[in-house]
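To start, the structure itself, in structure tokens.
Letters are used for the chains, namely A, B and C, taken in the order the chains are written, and counting of residues starts over at 1 for each.
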Amino acid sequence: MNNLKNHIRTKRASLLGIVIILVATMYFIDGYVSGFWKTLLMLFGINVIFAVSLNITNSWINFFSIGHGGIILAGIYFAAFFTLPPGFKNGIVHLHLPEYVLNTQWTLLPALLVGSLFGALVAVLLAFPALRLKSFYFCAGSLGFAIIVTNIAENIRSITNGPAGLWQFPAYTSIWWVWGIAAAIVYLILMLKKSAFGRALIAIGRDQDLAEHMGINLLKYKIIAFALSGFIATCGGILWVHLIRTVSPSTFGLTFMFDIVAMMVIGGMGSISGAVIGAGVITFFLEVLAPIEEGFTLFGLQIPPFLGFTTILLGILFIIVLIRKPEGIMGEKELSITAISRFLKKLIEDFGRSQ
Amino acid sequence: MEYILQQSINALGWGSVMALLGAGYTMTFGIIGLVNFAHGEVLMAGAIAAYIAMSVLGLPFWVGVIASVAGSVAIGLIIERVCFKPVRNVGMITLFIVSLGASIILRNLSILTLGDQLKPFLVPDFFAGVFTFGNLYIFKKNIIIFSLTVIIGVTLATFVRKTKFGVAMRSVSYDSSLSQAMGINTEKIIVFTFILSSILCGIAAVFWGLLYGYVSSSIGVEVVVAAFIASVVGGIGNINGAIASGYILGIGGALFVAFLPPDLVGLRPLFLWLVFFLILFLKPSGLFRANIK
Amino acid sequence: MNENFLLEMRQVSAGYGKMTVIHDMSIALEEKSIVTLLGANGVGKTTILRTILGQTVLSSGQIFFFGEDISKKPTYFRATLGIGYCPEGRAVFGNLTCKENLQAGAFTLKDKRRYQENLDRVYSLFPILEERTNQLAESLSGGEQEMLAIGRALMSSPRLLLLDEPSLGLAPQLIQQIKETLKTINEQGVTVLLVEQNAHMALDLADYGYLIKKGSIAFEGTAMEIKDNEQVKDVYLGIM
């Protein structure tokens, strides 16, 4: 009994510790880090949100979607209608939206909620093919879904401004918003994974028919899974667009999907901690190597732009991982607080012994 | 009525390209269950090879054709050996993602070395010209391409139907391990299928160049989706089905666009996906018979 | 002693992936014999056949065919040596016609004349197949498909014929027909390794048999010995 109490106390303490460390880090970053590194850290957090959302559909219920780009795009545009300055909506481009929407400008939080809800609704549309189509055909269908959404966005110019996209987004996103939301999502989804609901989703992924026979209502769970995944992904997208401050129908295309899939795969499909790790690795990789694409000066030598270089490297890395260690860094497992504290305790013990 | 006929005739060229690509695609899809997203890049490789031979090196057209086929086969084989063979038994989705990776790598490599701009494809005078038939205008190149494709299709069909090798290909399509027990070297069959599929891509690349007068590093992306949908609609593993579907999609797409209001013309790619979803919901095995279990 | 054996498995352990299904198994087949593998469902009988063919993961032991070590050779190579296979469950190529199925079976045959001879032999053994020659295999009835599977295995003039539960789900007349066909084939010089649930049929045909239990050999002996053995009757309650 004491052991259990101790265990819970340790867990609570560790959790509090993590939150404190996180908040302190945020303060530090917000105050002292700037420019490139700050943006990189924010992108890291946003990619974590994307990767976590993708895990729910692609790994847990085992419906491999490459169409999330379409969901995110739809949600971003919807939120954009509310957060873009009226001067832009009325003056620079001429969007045919309801009177109220044209003249208003919301802050981030309501736009996040409303946009993500819309994203969730759009995502539910994907749930319906998931009912009829088998694994690979669903994957192809999700691609079609994304292409259709992109195509529609390009063509209804009066509402979306067509291929030119939207810009002049207010710079709402800060490190606090990104990591506050990312941390909350990581925590919630980790809890979800262990809950009955999460385990039901994973059961559907393992063996759909068996899950049905055990009494799991496939329709209900799939819809909720897609809605949740879409909600979270759109959240990430809205944060993204208020950081980068411009978007167009082609922004969340296949290259984007490939990046997120790479994060998932390298980190470990289905693992939330894996998603965090994968997002970190890939974001760092992509952003640090980005200058190569534009060309730069090294020791006085002008190195020419290498367009597409990072994508090639990422692709190669990705294929290597798939061939050699297909389960990724974490496999399906999660980093647990007890495991980390045990690991740290051992480290300290070993260090103490060696003195 | 005439309008429809005219549109259909105009679409014969593009339909032929899709037919050949679909046929090649369905072969690899049927034989190894591989959804090869990099199939478009095999086409692109051939197109670029032809461009280099003709526009850069100034070699005659027939050399360009050979270069195209050679380029496609080379890239096709490289993709197969490097990317697909190691993950052969891992599952369809992993294979698909690997092919997606390969596609992105190849496309970016091409953009890196040659740039993304449109590159001219020199069309020999032989292909220029229009015939008139009553009120219909028939472009000479459409007819040539269409006839050649039909000939290729019939040859392919005969080969697959009548020869010992064709029987072996179809049996590997259906049940690979049982075929092994019959003494069929499935590795050889797979490699051969890839080569055959790539040859079709090389030919399709030449047709593309003839039709549009240009090639680029990005043409792969435009066609791979069409090829995939053509093979699904035609029944997986069914070469004749894929060829027929290529024309159905090509002509259907042209008619679809023709009847759209002018400012919605951008919705053209949607036609393919519409057909895709329709077929998958109504007749998932394809319009014609599939060749897999 | 070795040279008389057509096929020999020496202390073979094999299975799928990391899982071992058969353990330390030694089996020897004399030329021109009919040998049967008996046992309940799931004990590893099919795995034995597939191991001979090379479709499992061999963790230890060796396999010899006419004295030659084939343990590391790929499946298609072993087939060219003269091993014919009729898998369980009427495994035909559904997308090929009857005749094309037989053609597939004869893939390793280079001699056109022998191909025609074998085709005629199969058609005379199973006349219904000649009737249905251009029909798609998937449209044949269960019994016809089984006949097709057996006929296809014969097309390559095999020296060793592996059969996995040929009688499963077939009508008694057909079973009798197949029994006689196997006897005829054996008289023509083909060694037969037969996996069967129908112990009656199997012991009637076989010269020698192995009783498999949980991936190992529980008992082996001549057909007579098996029929008389009490231990076997225990294991095989009610089937005799």
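Going forward, contacts are C-beta pairs under 8 Å (C-beta built on N, C-alpha and C of every residue); 3 or more make two chains touch, one makes a residue touch a chain.
For clarity, every value in this text was computed on a predicted model and none was experimentally measured.
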**Per-chain Cα centre nearest the global Cα centre, belonging to chain** = B
**Message:** By mean C-alpha position, what chain is farthest away from chain C?
**Reply:** A
**Message:** As a quick test, compute the distance in whole Å between the mean CA positions of chain B and chain C.
**Reply:** 42
**Message:** With centres defined as the mean C-alpha position, give me the chain A-chain B separation in Å.
**Reply:** 35
**Complete:** Rounded to the nearest Å, the gap separating the Cα centres of chain A and chain C is 54
**Message:** Per the contact definition, I'd like the list of chain B residues that touch chain C in the complex.
**Reply:** 164, 167-168, 170-171, 173-175, 177-186, 237, 289-293
**Item:** Contact set on chain A toward chain B in their complex
**Value:** 64, 66, 129, 132-133, 135-137, 139-141, 143-144, 147-148, 151-152, 154-155, 254-255, 258, 261, 265, 306-309, 311-312, 315-316, 318-319, 322-323, 326
**Prompt:** Which residues of chain C touch chain B in their complex?
**Reply:** 53, 55, 74-76, 79-80, 85, 87, 91, 93-96, 100, 103-105, 107-108, 152, 156
**Asked** Once bound in the complex, which stretches of chain B touch chain A?
**Response** 35, 83, 86-87, 90, 92-94, 96-98, 100-102, 104-105, 107-109, 111-112, 116, 221, 225, 228, 232, 264, 266-267, 269-270, 273, 276-277, 280-281, 284
